[in-house]
């Protein structure tokens, strides 16, 4: 994809995440620069629903704007850069405060895939606590040190929950990061209800292995993107 | 109904299921071919909300497209063919991942009718586990053998839950399959809330018998279809 | 109000109940005839969202259409007539299957006012079981004997829950019946959540007495009707 | 801000609170008069979604209309005046019956911040019971004595819950009062779900201290207002 196409898709992704209520006034999605893997693209400080191509800024992996042109960046841009730096295969990062997901970030109950739609999220979704290393804060990942600590907690996983805050989801493409964020939210809702019944059958590890092995060619991704994009444009 | 009328109604049914959130990006509904009972009609791989008459494909009961004309079929078309093959009175099949229903498919808690609107769903909604016969899979019914195993688990019932996946609902008409899918979802929501109180009064078996005996002439089906169709077209 | 004004308000009430999801494809609202207290007005068999003035039929209190003019009545019109016959001060009746209320109709947990908005619903909302007198049925109040039995269970209360079915709500005016139905639903939702915490403070009986004494002049009824009507017309 | 600008912002705030379902037919928001700190501005008795600049009335802190001009005031305007009288730094007050918040007002379970978005709500959200001083009432704060008792219970906090009724939220600006009301509602929903899991990690007191110290410059407030306003105008 060209830079222009990448920016257009990133704007679409912002609108989809807003329509699906994965993000509200807050939360953001980035993409690695298609020509410079040591840079990434992310909106200026604007709610995802309202993002336009003119809002997309370019950053170094340390979170420094290449040419701010008067635009104010998100405080938490360091989440994105820190992950792009240690996960070369990752090309898109979503940070969100989904109302269905956060309860698992403030509880010792693990979030685990309960249905096939969430199988590619993997067997483990660790919880990162900013307090462990940084003590009392406003909970925000507002410098590169905090970003790196969070990225370390993410490790090789797809999802990291953030205590008292939200979560971060990565993908090899914008589409994968968006779909994983949407179906992480769906899975959280399903698991919350099923847990009320007290005897949940989670996906087995070997089933998750099958789904993760095929994630690049996950059936139906094109269909899902067409649908989510149409909904965001209604 | 003519073939053209049948296709128009199938498209309406897709849009209703999307509007009622029985399906999202995924899920599908089929109808037996009105002139050839050994064939069925089903959209190509497209989200139900976006399906148009041009997307409707014809399949043999083994799930083989009669004339794909470049269109890509759903991976899980075998669900439909396998049921049409062993249930001659069934003329429509809905496969979905309703967020209210899935918790019952990942728990040992039986889903049972709690109100008259769900009485015609029957006394038993078995849970089929793809793992029992096929081991570790991506959970999808992506060949005819898996379809037949699932159809066997459905047996003579109206609903079969699918562990870690979703459910399948059958009807003697498109209207019946759609309404049963919508009110299965409503019943799941009602039962989930009532179970929180700890002392649920389910419908009695003899009440379900009365409702199932009259299901072909269930009061209000025309009214419900008119309403659901109007909602889907707003 | 003239007959014409009464019909116009009844149509508005249908649309409000649909917009607030108190009713879906099913459920209905009636009003006593403004000139003949031994008659009542109710839509023909149509979903509330779609009701127009031409759909409004006139019935005797036994549920017999005065002039059907080819229109098909609701099966459950007997709910309305039976109540109008024994409650002369009641001028409007709502029958609904609110998804928030039904769980209390299939459980032994009493539904009780937890906040001032529901105070005028009263101290007691009895549960009527059609099975006690009529055995195994399709759960519908489809003749006048069943209507009279349900009306007896309602007694002098404002709300009667119907096991495995839904509820019926009465008011001295259309506005009161509609607002009581809406805030019954809100109260059910609030109580369901509060019960999860295990230590609910219900309204005290003497507080309910104060609110019921002032119900005809309940503060804010005009404001609420203006708001609900505007929402239903968006 | 001029008086005209203040009124325009107050009208926007009404529409935002309605769109976010913090208020329904009932609930209201006020602002201290920009030129006379002993006066405040509040709509006449109209649902927030429908409020226009012509509806905004001026009141003394005792709740007496300065020039009603035929408009009917809210019964509960005393909530606002009583707080403005004892909290000089407060410039805006929201009274609401959020469906997510009320369960905490009818239970002994404390409502506490679980995520950073609610950190500025503070460590304590006391519950005021109108019954303690005033006995059996219709639960409404319909005179200045009740207003003062409620304001005393609020004390120096940001939120006071009202048993069997709702809550009141204060801010140094209209934006702060609105955003605190919205994120109070979000926090209530998150805490309700997390409590189902049984092991909730609330924000630590020192984290809340950090966030409250920076509340005037809370990151993202401008972004959130732009987003909420855009949603309310769709």
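Order of writing sets the labels: A, B, C and D. Residues in every chain begin at 1.
Following the convention adopted for this analysis, contacts are C-beta pairs under 8 Å (C-beta built on N, C-alpha and C of every residue); 3 or more make two chains touch, one makes a residue touch a chain.
Just so it is clear, the model here is predicted, and its values are computed rather than measured.
Between the contact lists of chain B and chain C, the overlap is empty. Rounded to a multiple of 5, the Cα-based rotation taking chain A onto chain D is 90 degrees.
Shared numbers divided by all numbers used gives the overlap of an interface; between chain C and chain D this overlap falls below half, so the copies present different residues. Averaged C-alpha coordinates put the centre of chain A at 32 Å from the centre of chain B. In this assembly, the C-alpha centroid of chain A lies 46 Å from the C-alpha centroid of chain C.
Residue positions of chain B with contacts to 2 or more other chains are 196.
In the complex of the two chains, the chain A residues touching chain B come out as 114-117, 119, 186, 189-190, 193-194, 196-204, 206-207, 209-211, 214, 219-220, 223-224, 226-228, 230-231. Interface of chain B with chain A (complex): residues 24-26, 45-47, 49-50, 75, 97, 99-100, 102-109, 131, 135-140, 142, 163-166, 192, 195-196.
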